[in-house]
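Both complexes shown next keep chain A, but they swap its partner, so chain B is in the first and chain C is in the second.
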Partner chain A sequence: MRPRSLVPLIYILFLLLPIYWLVAMSFKTTNEILGGFSLFPQKWTLANYRAIFTDPTWYWGYINSILYVSINTLISLAAALPAAYAFSRYRFLGDKHLFFWLLTNRMAPAAVFALPFFQLYSAVGLFDTHLAVALAHCLFNIPLAVWILEGFMSGVPKELDETAYVDGYSFPRFFATIFLPTIKAGVGVAAFFCFMFSWVELLLAKTLTAVEAKPIAATMTRTASSAGYELGLLAAAGVLTIIPGAIVIYFVRNYIAKGFALGRV
Partner chain B sequence: MALELRDVTKTVGAETHIHPTTLALDQGGFNILLGATNAGKSTLIKLMAGLEKPTTGEVWANGENVTSVSPQKREIALVHQFFVNYPHMTVFENIASPLRVKGLAKSEIEARVEEAANLLQLGPMLARRPQELSGGQQQRTALARAIVKDATAIFLDEPLANLDYKLREELREQLPDILAGRGTVVVYATSEPTEALLLGGTTALVHEGRVVQTGPTPATYRAPGSLTAAQVFSDPPINTAPVEKRGEEMWLSDAISWPVFGEAAGLADGRYTVGIRPHHITPYEPSDVSIAFRGPVQITELSGSESVAHFAIAGQTWVSLASGVHAYRVGEAHEFHMIPGQCFYFGPDGSLAAKGRAHG
Partner chain C sequence: MKTENQRAWFFVLPVLVLVAFNALVPLMTVVNYSVQETFGNNQFFWAGLRWFEEILRSERFHAALGRQLLFTVTILIIEIPLGVAIALAMPRRGFWVPVCLVLMALPLLIPWNVVGAMWNIFTLPDIGLLGWTLNNVLGIDYNMTQSPVAAWITVIVMDVWHWTSLVVLLAYAGLISIPEAYYQAAKIDGASNWSVFRYIQLPKMKRVLTIAILLRFMDSFNIYTEPFTLTGGGPGNSTTLLSIDLVKIALGQFDLGPAAAMSLIYFAITLAVSWLFYTLMTRDEP
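Presenting the complex of A and B:
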């Protein structure tokens, strides 16, 4: 092996190290983790995973997270598709300013919005519901989805719309049966980004929930103090948290670069 | 009249895209819109198709005012310059889509798609997707989709412009047969004068948002009504220069003149603009009556079996287009022969004052 091919190899190992350590830990007993340095689990155990799948406070954390992330992705796409179509196809007063302003919403830290959301949702009785978190995450996911989808839609020539109208398609029918299938890669990428950002967001999700809609990440922070350090359990929960993202990214892997460029490649 | 624009204008913001235009288009034969890129051909087509609303004026189809009728309800078809097909559908589904929208029976759809596909030689491609086809086949698919629905009007917006030379010639030859006998209004936009002449029919010359002349295609070519019309309908561009008529002679410069006859003999003395198409200036003596002059050659091109030379004459740069390969030496003066009988003379307002020949 030539020495220079070692460099990327070392880099990849370096990147994978924490993930490997997490996976290895999840199969160890807490005693072994605290006992000292071991590269492989000395005594393999599935007890950590068993605990998560049998304890409602654990597995409901996942269900809650998946629920509000799914609701958020649906709301974001439903709102962003018509908005992105308007931005890509029509010129209207202030369209460019509005389009840019959408993205500036992402520039404030989520902490800024935690307090107003908390107060507002408490007042209207949305506190500690899945919908509360899903709506709060729309704050940054809808603008993002609009940007991504607008890029993909602008890549479709306006002549396609005209041809469909002349062929007799009504607008809704054209949108659903011709336009959406044409930009389905963009919809997939937008859905992935909504999913990802909602899945990893912790601050708003934690602030707006207590018991009923508590996300998995919040559950994980609590466990550290309950019965000493249940590090193995925590590692297993961590592994299970990575898996949904890994599954989703597999489906959009071919379009992800275009998505990061907000559809503008 | 099957399709009419009545005093139609189109302005977008402060820009005028179409100046007041009245245009009547017939069924059968090609209605050609000829003009340079951005002249307004596509806008005219969109106005006729209902894809854009005229700012003022009315659109009439078969005796009905259809100005505010949506394109979906107009029973029309459209083929763009770019090969526009539905990418996620097969060729069959693409061609069938206008019929499916109408809700026709499955057996009828299959029969009509098959007929259209055979006419456009797409039979073996029906199960493929558009992006698996060549450019020519993609445009054939778009054409098949346009003819399958028995539209009252078919709009072709530079349909051959993005095809390579050979496919373009092939499809251009077939187009009249494909569209013949359908009883539809065929509107064909092109930026190539040669294409208009090959397709025949009637031609409307479009220039900067105005229709400057309409008429049967060959007659429009032979008798441009104005300098603008002559410029639109000439490829390469028509040669022009100021001339002065004094008695029996037309003077291009102090040294170059020719006797005027035909219509031009009746012109009053004075200043005119002469227009002469490049292929009426040749490096050899033509069979028609001609006059000779010399000018230094600036640029030469060889396109296929035609020789093009740009040369300086009387303060102008003129172009000669001659069949056959001719050896020019750039920078040297060559002798050129011009046929005065093929000249057009335009008055100070740009309208045609007289032709150099007697009639026709």
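Presenting the complex of A and C:
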């Protein structure tokens, strides 16, 4: 082994240490956790996980999160696909300004928007629904999706479009049967980033929900403060929030790096 | 070559409507609050620019802004070179590439408050792996809830842990787009490792690094959930960054006017720095 490959190795070890500790905690009993320091669980227990899977307030948190993240990803992609196509193929009045304005929406601190968002979504009667969170997350996910997709679409030569029209394809048919399959890697990358940023965001998701659509991460905060400090339960819930992300990342591993490289600022 | 077509606006319309709904309405609400005074009961009075003057003069704001700048500059100085160094050392092809990428991307996909909670558990002085090791094995007196210095270092290390991977992924994406022929040419010319880095790799990475620095600047400047879950802004006010202070004013004390004025000043700073940096970095491009 060359000394150079030690660098990523040490870095990955550093990344995994806190995660290991979370996983180890989640398999310990409360007594063992409070009893003192132990590197490995002395007595393995699944009680923490069992508690989560049998309590509806816990597992509904997961279902809620997955629901609004999926809705958000669908809306973001559906809106971003035609827009990205327009940016990559046509010049139109104000196109460059519009593109930069879209990107500026990533810069607004979420903390700034929390209260107005609450008022806005209460006013339109969407408060505490999955749709509210999904729509709110569009604020930063749509610009990102447009940016990534535009990069991929610009890589497809325009001759493809023209040939299809000469062959008598209508625009919707061309877009669905020829163009989309060509850029499916880009769609995958965009979907991944939408999923990721919607999944990890909590401030807006927490502000816009109360009971019905409460995300799992918010359920964790409540438990940490009200039901005493049940570290084992908290750790198990934390471990379970890592799993969906890990699965998604495994499927798009070959495209992640490419996604940003092909996008343009 | 792109063709001129105004009908393209119809394609952009859904995006425009969705983003405008989410961006403009709340922004106007904030602007509205920032020039008014309220005593509850939904009664509002015109306050003009008073809140802006008050915020710009307030020592509390200066202190929070100072901490925020210190935080952002520190993590940029650590994360960008570190990310580039790791990307340079990564294998270019083979079995280990996807393994490295998946493991490195893992922190990016953890909900932000779980990151905070995880680091809290990790650094507890009596039962946390890091806290216990520092106190009992290395003999360093470490307690994040009492020492501001320890709290600062922990928040910084947590951010490095959380976000360096993004820089690695971006830098790596830039590196693998360099054709092999460039390296062969450099080898024939007898270029040193440093010159290869300085004249081939760095210029090729310039664009992705611009994206990386911009994203890291914007996100670290707006950071809220992770440090709040980890330290709650303490001990004292030592890790109360701008967003944490803002939420304290807006939701804790319900001072909507000053909070709104502060939000706008905050947003303006982020926008100005990002725009300046973006313009400087892309100045040479056509």
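In this section, the second predicted complex is superposed on the first by the 251 of 265 C-alpha atoms of A that agree within 3 Å, B and C clash if a C-alpha of one lies under 4 Å from a C-alpha of the other, contacts with A are read in each partner's own complex, and residues count from 1 in each chain.
Basically, a contact is a pair of C-beta atoms (placed from the backbone, for glycine too) under 8 Å apart; a residue touches a chain by one contact, two chains touch by 3 or more.
Note that the coordinates shown come from a computational prediction; the quantities given were computed from them, not determined experimentally.
S.K.: On chain A, do chain B and chain C fit together or clash when superposed?
M.R.: fit
S.K.: Can A:L46 be said to touch chain B (first), chain C (second), both, or neither?
M.R.: A:L46 contacts neither chain B nor chain C.
S.K.: With both complexes superposed on chain A, which partner does A:L16 reach: first (chain B), second (chain C), both or neither?
M.R.: Touch status of A:L16: second partner only.
S.K.: Please determine whether it is chain B or chain C that touches the greater number of chain A residues.
M.R.: With both complexes superposed on chain A, more residues of chain A are touched by C.
S.K.: Given Cα centres, how many degrees, to the nearest 10, is the angle at chain A formed with chain B and chain C?
M.R.: 90
S.K.: Could you tell me if A:T182 is touching chain B, chain C, both of them or neither one (first, second, both, neither)?
M.R.: So A:T182 only meets chain B here.
S.K.: Check whether A:M196 is in contact with chain B, with chain C, with both or with neither, and answer first, second, both or neither.
M.R.: In the superposition, A:M196 touches chain C alone.
S.K.: A:L74 contacts which: chain B (first), chain C (second), both, neither?
M.R.: Neither partner.
S.K.: So, does A:A210 touch the first partner chain B, the second partner chain C, both, or neither?
M.R.: The answer is neither, since A:A210 touches no partner chain.
S.K.: Looking at A:R173, would you say it contacts chain B, chain C, both, or neither? Reply first, second, both or neither.
M.R.: In the superposition, A:R173 contacts chain B only.
S.K.: Regarding the shared-chain residue A:P143, is it in contact with chain B (first), chain C (second), both, or neither?
M.R.: Only chain C; A:P143 stays clear of chain B.
S.K.: Where does A:M220 make contact in the superposed view: on chain B (first), on chain C (second), on both, or on neither?
M.R.: second
S.K.: Least CA distance chain B-chain C after superposition, rounded to whole Å?
M.R.: Result, nearest C-alpha distance in the overlay: 8 Å.
S.K.: Using the touch definition from the top, list the residues of chain C that touch chain A in their complex.
M.R.: 1-9, 11-12, 14-16, 18-19, 21-23, 25-27, 29-30, 85-86, 89-91, 98, 100-114, 117-119, 121-122, 126-130, 132, 136, 161, 164-165, 168-170, 172-174, 176-177, 207-208, 210-211, 214, 218, 221-222, 224-225, 229, 242-243, 246-247, 250-251, 256, 259, 263, 266-267, 270-271, 274, 278, 282
S.K.: In the complex formed with chain B, which residues of chain A make contact?
M.R.: Of all residues in chain A, those touching chain B are 157, 159-160, 162-170, 173, 178, 181-182, 184.
S.K.: Quick one: in the complex, what on chain B touches chain A?
M.R.: 46, 49, 51, 70-72, 74, 76-78, 80, 82, 84, 86-88, 97-98, 101-102, 142, 145, 149, 155
S.K.: Spell out the part of chain A that touches chain C in their complex, as residue ranges.
M.R.: Chain A residues touching chain C: 4-8, 11-12, 14-22, 25, 33-34, 36-37, 39, 75, 78-80, 82-83, 85-87, 89-93, 95, 98, 102, 104-117, 119-120, 135-136, 138-139, 142-143, 146, 158, 196, 199-203, 216-217, 220-221, 224, 231, 234-235, 238, 241-242, 245-246, 248-250, 253-254, 256-261, 263-265.
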